[in-house]
Every structure is written in structure tokens, then in C-alpha cells.
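For clarity, chains are labelled A, B, C, D, E and F in written order, and residue numbers in each chain start from 1.
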């Protein structure tokens, strides 16, 4: 068996991938005596998830011409992403995020990304041919919040995909630290209008729909389909997910796992869903893999490191297995 | 906003703070290949808790003229305690404690404190003006067990506070390794007679009261008030607490958290209570903050590092929150 | 009290002990940036368990003439095993195993033991006098799978014990990576016919008995006694154990502990049982210590490091104890 | 002996102190798997050096209202600095620097300080009474490069000191990453005109004087005195230093030590000089302590951690000493 | 600037890359409590060196279908190698090497590579088109020692290159642990006859030439050219190198650096030479970059991690530089 | 080849072995964030050195009935010492030492050994039969300083050896922290009178002889022989050693190695000498092995871990060797 040759991607995505500095133990960050060095970014997390499950994924983004930027590219390339469209920006540093678990149930993330290379993404970085070659274009609500040029890049990619008939997947991913709820609601609602597949949390759904707190989840999902996407999935963390897929409601029960890091679960869920979708998997398989990928992601302290390979999916069914 | 200027303390406390050497993983200590270096002491743990919650606290104690002593002072000073009354004793080394978790439910603590600088605390170290300036004097049952001079220092401080009308808070904190149950019972009972606020575990209450095993908790608390203190709080670890405050019984339900280190929970509870008391907080607030501080303390592997700042108290109410 | 002089062993065992390289955190092994260095082997794990509980144990096996071999001997000697019969083989390297937890419930073990020194064990390595001097000979189903000479060594030891009236304890310990189910079933069934005490998991029992899946556990145990052993114990991990001892059925309830590493629990269980047996303990004590030792083993990340000393057994009964 | 009470400072300084993330091993930063967390800033490094040598030092600066900011204040307070004038700025994050040794002789430092709290220092942060109370005001050429408000703060502090007759010490500390050589030359030359004591490297001296490369060192120093400062010290790293002090030239030979981290040596040198100056030490003592402090600083991987206490200065004279 | 697209390679190489487990501190390996996880292989070390200096390199080899194999591919891909021709072999594990520094001057390497996936390399793995597309084919004397099929693969690759007019570079790299001196001498001499560029140590030159100990170095080099290669370079570690290039002798002086790990220096030297050769660099540049790359390699504890990027070569000229 | 059976010892020694807590990096101890856990004691260091070089050694001493005590016994047993005569003292804790390197040339050691188990050694612990069975009894000047009973134990052992004709080796090992120069001089002079082999530093020689500073080294050695011992060796650290052996002077040149930890070099030197002496080695071999063992000891951060095995002695002659 030969290592996979590089071919046309199943999923193309664009966004910012940062170096992630992570406190190794629970507690106030200032007591951390070392920080673990990793990387993360919602879009590349998803792209790695696709790759682990046997798909091909390409990532578009910018890093600084510095060691942290080289780390990002080495990790993404090492995980099998197609990074040929990545840009090394000599004018700005690679962004950082600093993550600490304050208690076993509260995680804190701070960013050093103002003016970062990643936030300088612009429409020229988006290779139209690459977008057109994809089976799915995936974008998130983080990128448009990074800068006006990044927002224009997302819009350009979506427009290109819409024009070429490439389905657009959107994960709303609202980040409070980056923009106001009002700004976000407008932009994300507009983007949703151009998407075919939509991932959101309950809070994000309410934000975009300006829905009152008591609206039932399934109604929220259904209202989101009214914006355009035929496939809407509401992620509920430890409580699973609900979805409206081509008009029919679905409930996705959660896996019971020992969670150590909730960050990345949403990206994993979307990766699981899309990985099956590009293989032509039926709804049940898509949802099952989505839930499994989310469960894997939270058992490992890292945003994407725990994502499952296809042959590992079966491990979830077992109970204290020792394989030897 | 300017960093807090040093003013008169809300709480003054005295005791021994040691260097804490902690096995990083569960299991027999002799398999530990490194030990984490920290510090700890029931009284300074409490003082840090007060400071984190916005109060001012001063600590009286001795350390050796050695690097471990300088570490203790740097940590306490760095956490914002007023250590102007601390004494550097050139004649004796700073005490050590060695902590290991033998199983997930059994923690073992050994001391190298015989003849330590901290145990050489004496009445001359207690600045009467500092005690008189406090809104509360806090002492524990550990200090009188360290040495005759340390016992005299506690008595002197309490006498000074009593004379000046400064309320005395006492945490019984019986340490089997330091003295016999009989010796402890006598001294602690005497101290309780001079205290206004009393913290104890159920076992400590029985020790001091020589109460039979079947006495209900509330009755134990009530009997303790008969010794003098109008506020008696019985700490029950994972099961919360019960209290008699100015004659009325209260039940404090526990928080459900993933506990990794039970040491320091009692100090945190007392800190939460006293921090609100000095702000004039009502009973409900005092008990709520006490319980919350205890919950924070046990989620972090350290005796005091997990203590909450005031703006963090709200995190307990959330469930797998990611703040970003 | 003087450190135990070396005398005749309570238990003699033979097998391969390897260096164990262990990923420090949950997740795919390739993300591990360091590996912890330890040692492990089913037979020496058991021997250490015997020693911790106050018995004397001797270990027969081979290591390479290399630093990993010297590590194995230093660890076993340091834990108090009698290693005088160990052989240093200059012709082959010490075997390795690599252990990673893929999720909180799935552990993966890989071996570098093909052609290892340990697998070159041969009948000449088995000192008949040492076997005859033992109160119990313990063997496992791993050793016969290592090589033809290792298989012959086990057979020779068992024959010697049978001849000398030394009871033989056998833990089936089927390892899929080493031989086929069919090969194993034949050899293990034959060995069981020469054993007095038999430890097995439910799956191993079915393998040897070629029993259908629906056979009740107690019936499996009883069928195993029909092969020869008067004492048969079926280990069920988190669910405890069942046993037929001299014709009578027993159920062993599990301890509720926070398990972090299931590897070694079976060895611990057998160690607890045999440690009491050689002291002449009654059935109830044997089973209680077996269950307790298994519980201790799983709370610590290591195959044997968590095994209890006799005075630690009482810790299991406590709940969040701090001993100080 | 009682821990030092807080009194009027010997040295007041102002600047930015950042969290320092440091690769633990030599090599390209992207291969670092963890980063050590420390703190650093030229001015606070110097202030710690003063404190270690028995002086009193106050630090003025801003940190963010975040855990990194709390770390900076805890470290500086723990090291005994007077941080009462420090400002916690809720509008901006604490700055970061990332340090790696690319080879044993080349160290790389990157900053995440654009828009940081520390760079928002402004004249209002400079308490005139604190400046006036000092025996020396120390500033560096870094602070004016951070922002217009920071530059104004330095000018204000210097003006206040000049007016009050407090001697001004200036370390040119040119940072290429922060401003152009031309901008720096103008501002630093102007500042030098208001300084009484001037520290510089040879390159910095040439920058400010626009001196040709062949100008001898002593002439450079003498030309700098012509700008105003009566005491000029040119630091030469491993080669010692030259100085013109009140018109007379001095040569300072270096100590032979095993250097592991050159960063901080200049701050240490200045701290040693000023610490003796405020004690009224003669020239020879000032220069000896300056050289010794520099030697101590480079033997430890940290910007200030290796700074000597007064009783440690004698260790330099020894050779492979073991004190026990 | 866009990340380099994958094009035809400058250098194609084939061999085994293993996981490297490295003791973090000097001393007997058995005292190591953790091992650092890295990767290494003479051929891929060279390929990474080419890539760092701006060239393109492709690597042919086998890894196991296991996490260690995935690590090797992730690292090589992450460093920018073209690994499209790599084979994942489901039948055998990825090889391991274990490295320890016994003293500051003696390094010990042990292998677990018998039967490894890498040693199962075979002629079918060598894509003739890839070899023909290269500007240089690089092979080492390690690969033919791994197995008969691996030897056949090297011969096939060399024959293909010879036929296509692609220059062949050979590093003799004799490994005592893999084959006898006699076997090696024959095979390596034969390979040298097909090579255009030859790298060797003095010992290896003597081995192949069966030259007496007193033969001067230059004569050894000249005798090697008589076997075929027009470019012969004798590497002398800390003492530099000598070369005969197109008939003319050259002496390469060493760089003075603080060496912490000599392993990989030879691969770095060859990488530096070939990287310049493929750019058409003159002899002086080739030798200078070769020496510089070797110097970089030894300052970092890793077989290839310290290799320089082109813009870092200038750092060697500096002395205790801090870049900030 | 079978692991060495336990037989009569070549060397018997007695003393205190402590747990050694060691700062992992150079700098003030209070900045250490973890401490490495090891063990050490002059006498057991020597005994390990004997064992590594192929001899047999027995150690007499006390440890506490605690995990640190069990660690000491596990390490000594694991290194092959005969610890059958070791005593576990339930009344006192195992002693600690804390070691930090303040600079690359100054090491600081602090003890927590007052009242330790090790210092409670007493004459009853000394098994006369064991002493009589030895080929050499080795004692140091540390043990008599620990307590009156320890002093009596040393005297008893020496008397027993003298009576039985077992040669006595004494290493003066003066420890300033334990007793005054005057007390030491008397006791050590008396002990020297009963010794056959004497190891000392120059300072220790002067202390015992009350010799003026200008006495040449060889004269000091000769004066020491006048006290009794026919073999006197003066250790000079990096400068080698001088000796008077049976009346003839010898000069031992040092090895040039990169020293990272001078502690333990003296014990290693003595071990090398005695290991050859018990094998009947000639003077040149004894001195060569002594110097080599000392050189090995200082290249590793640990008091004894770097001690050489016999087959490693040849590594010193090599230069940057890679063995593979």
C-alpha cells in the first residue's frame, strides 16, 4: 500500500490557524510553570478530521515568516493537509492562543491575534480553481470577524463555490472576543443564506435568528433551514445534537466518555458529518460518525489531536479494552 | 485602576508556612521521579483566600534564612499578603512537607518540621499593634502543637485580640502527627473558649467535646457554641457543612465538582466565610462563598492555588464552559 | 527490625519482563513527545505483588546484556524479588513494550519482543531445586507463546513442580499478538491439566473450553475445574470475579475506584489471592485481598507500581482520606 | 531579624515587564514541545538586581487585567519590588516575548507587545512624589520606543527627576524591532542629555554618536560624557566593560564563567553598579559588583533569576565549590 | 509569497527512517526516567537538510502501519519532503533506535530494527520515474545492510540513475551492528564504483580501500576517486574535512561550536554540499555550506532538528548574538 | 551467564544514605519548579562504585519506615548492594538532602537529617560477622559526626576489623554543617590511627594535621602516613591526586572531561581504587581506575549514577565516539 497521492480535495477550507499554548494542569494560568506548544484553528481542525477519516482536505490561510508559522505549516502538512495554497506573510507574526482550564468544567482561551498574519487573509489568497475543484467548501464564522480583508476572502470563496455549484458548509462559530453580537448576527445570517450545510450551537442559532430563549431546539433548526441551508445541525455538547436534514428532524444521542477538553468537539462533529457526506454516506452514518468524532475529540487535551481514524471508530463501543 | 495600596488588614493570622514537595502522579511516593515544589500552611492558605476575594490579609510567621524560606516569602508576598511581620530565623531551616496521593482517594502528608524555623514562632513575633489593627484574628489548632513558644504566641495573639475587641476565628485543625488527642483536646477547648468563630470537622468537634459517635452534627455544633463562639461551622468535605450562627442552624449543600486534591478545602471554606464577613455580607452570602471557595480549592492540585478570585465565583454555575 | 533476609521463596515464577515505554497522556501515540520508562511482565508483576504483601518471590527469566536488561534486574531486585536465577543473555536485546491510552477506555500495547532475550528462555534456565523449594509455582499462558524453548521451559517447570508436589498456579493470559486462538487453546488446555489453581478471564475460559457464548460464568468456572485445578478464579475486571474453590462457588464484588490503567489488574488479583494462600489464609481473606490488590493496581498508571503493601489494604475502605 | 519594611526607594524605574516564554532546549523554536513561563523586562530586571543586593526599588508600569498580568505583579512583588504604582489596564493584554536559543551562541527574541498594556504607559502613571523620593531614577531606551504615551512618560519622569535633583540613570538599550536607528538616535541622544549615568553597548554608543566604526572605545565613552552624563559605562559582554567616571577612564575585566544565556547581563551590570552607588560605594566596588552581577546573570537560563544576593558575590572567586 | 508547490525533486533518496527514543540527560540509559520521542534516518536527515537550504527532496522507504510509522511520515511530510513514494507496510513494525549519551563524549545507539518495515524495502518500492526525475540520487551504506531486498533496492535505484545520467551520491556510513567489515567492504566498494560523489569517514575509507593505518588522508581520498567518483569528501568531525574534487585537493576547516550531539553531523555535511551542488554553487560555497550545516547539526540534541535554513547560515559568524 | 549469586562481600561499609532532592537547572533553588528525586550517601556511593566495577559490597545503615526509606533500599538493592544488614527504623524519618547548583561552579547542599533514621545508627546495627567476612571495611568521617551512637558504631566496626585483620579504609569527608573543625580533627585523627588506607582532600589533610597552608601536598600525604595508614591518597578534584603508597609517592593526572556535577567524585575515586585493590591490582591500575571513576562521576548530574562499569572504562580514551 502506497501513501496517498495528492489529488483534488474533498473539502477546501480557509481560516486562521494559530499556535496554541496550553497550561498542562487545571488551575489559574499564572501558576503554570510550562505551557505545552500545539496548534489549532477551527477550519484546520476540521480539515484534519476529514483527513483522519480518509478524505482529502486543503487549507487556505496565512502564517507569519517565523518559527511559529513554520510550526503551523509543518503540523498541517504532517497531518496530510494540502497546504499548497497557504501564504507565508513576512509582514506580520503568526497568531497565538493561550488556553487554560480554570476548573474541570471551565476553560479559558485568550488570543494574541490582533494584526496577526492569519487575520491578513485576503481575497487574493483564495485560489478560485482550488475552490472549484472541491466537493465541499467549508467556512466558519470566525474568519469574517478577523479583519475586513478576511471577511472579503470568505465572501469571495463562498461566491466562487456558489457559482461553481460546490456545496458550502458553514459553522457559525461565534467568538465574542472578536466582534459584537450585532455585527456577527448580520454577517452570519448573510453567510447562512449562501450555505447548504449549517452547523451551530443553540446560542449561535438564537443569535442569528434573534430567537427568544424558549424556542424549542427543533424549531430553531427549522428556522435556520428557512435561511437557505437544507442541512442544519445544532450541536449540544454533552447532550448530543439535533438536525433537520432535507426537511426531516433527527436526534443524535451523545456518547458517554470521560471528557478532558471540550475545545474542538464542534469541529470534530462537523468533520465527521462532512467526511461521510463526501463519501456518499447515508444520514445515519453521517450522524453516527459526527457524534463519534466529537466524542473522540474531547477525551484528549488538544483541539484536534484526538480525532479518530476510520479504523478507530469502533473503539468507542468497547469498555476498558486493552488491545495487545 | 492602580494596584491595591497596603493598608490595615482585614484578617491577621499567624502560623507556619512550609515548602510543599508534591508527587506529580498518583501512586507510592517512592516511584515519583520528580516532586513539584510549592508552598503551604493552613493559615497562609486562608490569608491567600481572603486576598483573592478582595480582602487584605497579614501573615505572621518564621522561615529559615535559606532558599526555601525565601521561596515562602516570595510566594506569600507575590499573592499580595502583607508579610512585613514575618521573621527570617537564621538558626533553623524552613520546614518541609511531602505530599503524595496513594490512590485517587487517599492522600499522605509527611513533615520535616521538627525544629523548623516555623515552629520557633514565639510571643515576641506577634506585633500587638498589628493584631489590634485587624478586623479579625485567625488562628488554627496546628500552631499550638508546634512548640511551647508557638503555643504561647497563639495565646498571646488571642489575648491581645480579646482585649482589643477584635473577633477571633479559630480553625481546630487537629494534626495527629503533632500531638496526642488528649493534649490537643485540652488546648483546643481552651482556645475555643476565647474564639468568636469556630471551624471544625466532625471528628475535631468530637475530640474537643469528647462527644460520643452518635451525637447528631447539629448538636455537636450547638455544644461547641456553648464553649463560647457564637458562630460555629462544621465542615463535611464532599457533603457540605452545617453551622450554628447566632443560635440558628444552617445547612450548606456541597458543590458537585471533580475533586483532585482535598487538601486545603477546609482553609478555603473558612477563607470564603471570613472574606464575606469582613465585607459585612449576610449569612447566606458567607455560606455560599465558603462552599464555593472549598469547591474551587479541590479542583486544583495544590493547597491554595485553586482559590477563586471574586469574579471567578460565577464559573461554578456553568457547565463545560469555554470562555473565548 | 532488620530488612528481610533472603530465604526460600513462597512463589517461584518464570517469564519475560520487558521495558515498558508509556505515553504520558491520553491520545494517539504519535503525539506523545516523551515516553515514560518503566518495566512490566505478567509474572514479575505478580511476584512484586506477593512481595509487597509480605511474601517472598523468585523470578526466572532472561534479559539482554544491555542497559534495558540492567534496568529490569535493578527494578525487580529493588522491589525485593530474588533474581539469582535470572540470566543475562549476550546474544539478544531486552524486549520492549509500548503502551498508549487511545481514549480513557481503550489502551493499546505494542511489542518489540520478537527474538528478544526474554523469549529465549529455555529449560536449562529453570533451576529444579528452586522450583522444588517453592510453596507455589506460578506460570502464565504468555511464556509458552514466546518461543519453542520458552514453551519447553514452562513445561519443564510445571513437570518439576508436579513431581515435587509443589502446587501449580496458572494464569491463562491469552495474547492474540503472539499466537493463534487454536494454538493457544491446545497448549493452555494441556497446561491447565497440570495446574492446581487457575486464573482466567471469561474470554480465556471460553477459548480453552471452546464454550459457546451463552454459557453462564459459574458453569465456565466449573468446567475448568473439570480439567484439573481445584481452584478456578474468573476475573471480570470492573465487575469483580467469580470462583469455584474446592467445589464451592464464590462471587467477588468489585471495589469502586477511579481506574486510570487497567493493565496489571489481573496480575494483581492473582498476587493477592496467592499471597494469602501461602500464608494459609481462609477463602474469604484470599478473595478480599485479591479484589483489593486489583483495585489498587488500576488506580495508578503502571502495570505494578500501584500494588498495595499489607498495611495499605485498609486505605480502600476510606473515602478521601488525608493522612497527616 | 524581621523582613524589610517598605520605605522610600533607592531606585525608581519605569517600563514594560512581559511574560517570557522560553524554549527549554537549544534549536529551532518550532521543535520546542513546551515553553517555560517566566517574566522579564529590562527595567524590572534591574530593579530586582538592586533588591537582591540589599537596595529598595520601585517599579512603575502597566499590565493587563489577565493572568499574565497577575503573574508579572506576583513575581515582581515576590522579589520584593515596590509595585504600588503599577497599573492594571483592563483595556489591553499583557505583552509576551518568546525566546529561543538557535545555537549555543545565537539567541532569538520575538515580541507580542504591539498594543500591549505595557506599551500604554503614560505620563499620568508616573507618580511625581515617587520619583522625587528616589535616590536614582533609572530609565531605558526601550520604553520611549513602545508608544508616544510611553515616550512622554519617560520624558515626564526624567524631567521630574531633573527638577528634583534626583540623578537619572539611562541604559540606551536599543531595540531594532521597535524603531528605526534614526528615530532611536534622536530620542536617545536627547535623553542622554538629561542623564547623569549612562550605560550602553559599543553599538549603541556608535548609534547615538553617529561615530565611525574605528573610533576607540574609550573615545566613544568620552564623547558620550560630552552629551551630559558624568558617568558613562560601555558594556562589552564577555569582554568586560570600559567606563569614564567623573573624567577618569576605567577598564573592567570580565569574569570567566560558563555562560548559558546572555540576555539580562546588561541589566545585571547596571544593577550592580547602581546598587553600590546608592550605598555610597567607591568606584572600584561599583565596577566590581557590576561585573560580578553580569557574570551571575549569564550562568542561569533566565533574564534575572541568576542575579546575586550580596552574600553570594564571593562564590565567583571559588572554583567548583561544594557548600555543605 | 506562497508555500512552495511540489515539483520535481532536486534529490531523491531511499532508506529507513526510524523512531528515535533519546535519553534526555547524560548518563547510563537505565537511569533515564523518560525518553524523548523523535525520528531519524541517515537518508531522510540528508533530505531534510536539502529542504531547509531551499532544495526539494523526495524520500523512498517503508514504515509500519502503526503510530510510529505515522509519526515518521508526519515528521518527514511536515519538514517538506515529498513522501508520495513512501510505503506503509502492514506486515512489520516501524523500527526503533534508542540513543543515550554515556558521557559528554560517548554516545550509544541501539536498534530495534530486525524485521522492521524499513528493512523490508525492495526494488518494487523504487519508482524509476522518480529516480529519473531527480538531479541527484543519494544512497548510503546503511540500506544495503538491512536485508537482501533492501540491498537489491539500492542497486536498482543506482542502476536506474546510472542509466538515466542522474549523478549518484553515496555516503558509505558503515554500521558495525548490521554487517561484518568484510561484507560491507565488498558491497560498498562495488557501490562506490557506480557513484559520482562519495562521502566517507577516514575509518570507512580505510575499510573500503583495505588501506593501512598510516596512509595520509589525502591519499585515501585520491584512492577513492580511483574507484570512480570524481568528488570524494572525507569527513573528520571536529577536525573538518578533506576533499578531492575533480582532481584537486581541498581542506575544509571546522567551525568552533559547542557540540552537544555528534550524531547527524555527517548527514548534515553531505546535505550542505549537495544543496549547493544542485544550485550550481562553486566548490568553495559547497564546502562552506557543508561545514556550516555540520556545525549547526551538532549544537542541537537531535539527528536533524538543528539543520540550518539558508538565512540562518550567517548566525555562525556571530558571537553570542541576541536577535531582537 | 547467570546473575551473580550473593556471596561474601569484598567491601563492607556503613553510613547514612539519604533521599537527594536536586534542582534540575542552575540557579537559585527557590526558582526550581520541580526537584529530581534521587538518593545519595558517601558510603553507598562507594559501594555502588565497587559493584559496578565487578566487586561485591554490603551496606549497613538505617532508613525510616517510610516511602523515602523504601526508595533508598530499592535503589541500593537494585544496584546490587547486599542490604541484608540494613535496618528499618520505625521511630524516625529518612534523611533528606537538597542540592542546587547556584552557578556552573558552585553547588549548595542542605540537609534535613537532624534526628533522621540514618543518624540513629548504633553499634548493635554492626554485625561483627559481616565485618569479619569483608576483604575491606570502608568508613567515612561523616558517620561519626551524625550522633554519638553513630560514632560508636563506626568505632565498633573499625575495632572489629582491626581485631580480625580486615584492612580499614577511611575517607575523611569533613562536613562543616555537622560538626566543628576542632571536634572533627580529634575524631578523624583518632580514626586515621586505625586505618590502613586513607582518602582525603588537601583541606581535610590540613585539618587533621593542623598543618600550615604552605606545606607541600606530598609532605601532607607523608605526614598522614605517619598516623598509621600505609596508603594515603590526596584527592585534588580537577587537578588529579597525589598518593603515598607503601612509602612511595605517586602523582595521578586528571582526565579532561566536561564536568557537570562535582559531588560524588571523591567517592568514585575511592571506589575505583578499592575495587582494584580487592582484585589484587597493581598500584598503576588502582590509580588509573580511581582517576577514571572520578572522571565518570562528574560527567553525570547525580552523586553515583555516572559510575562506570568495567567495560565502560575504555570510553574515556575516546573522543566523541558514537557506538552503533
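Here are a few things to note about the model shown:
Here, a contact is a pair of C-beta atoms (placed from the backbone, for glycine too) under 8 Å apart; a residue touches a chain by one contact, two chains touch by 3 or more.
Here is each chain with its UniProt name: A, B, C, D, E, F = Sugar kinase.
Quick caveat, the model's predicted, so the values are computed rather than measured.
In summary, the chains found to touch both subunit C and subunit D are A, B, E, F. Residue-numbered contact pairs of E-F overlap by over half with those of D-F, the repeat interface among C-E, B-D or D-F. Over half of the residue numbers at the subunit C-subunit E interface are used by both copies of the sequence. Centroid distances built from C-alpha atoms place F farthest away from subunit A. Distance between chain centres (mean CA atoms), subunit B to subunit F: 44 Å. Rounded to a whole number, the gap between the C-alpha centres of subunit B and subunit E is 62 angstrom.
Multi-chain contact residues of subunit E (touching two or more other chains): 28, 33-34, 74, 108, 110. Those residues of subunit A whose C-beta lies close enough to touch subunit E in the complex are 1-3, 5-6, 65, 73-75, 77-80, 83-90. Residues 25-28, 31, 102-111, 175-177, 237-238, 259, 262-263 of subunit D are the ones that touch subunit E when the two sit in their complex.
Per the touch definition, subunit D reaches subunit A in the complex via residues 21, 24, 28-30, 32-37, 66-68, 70-71, 74, 93, 96, 98, 100, 108, 110, 112, 114-115.
Within the complex formed with subunit B, the residues of subunit C that make contact are 257-258, 260, 296, 299-302, 305-306, 312, 315-316, 318-324.
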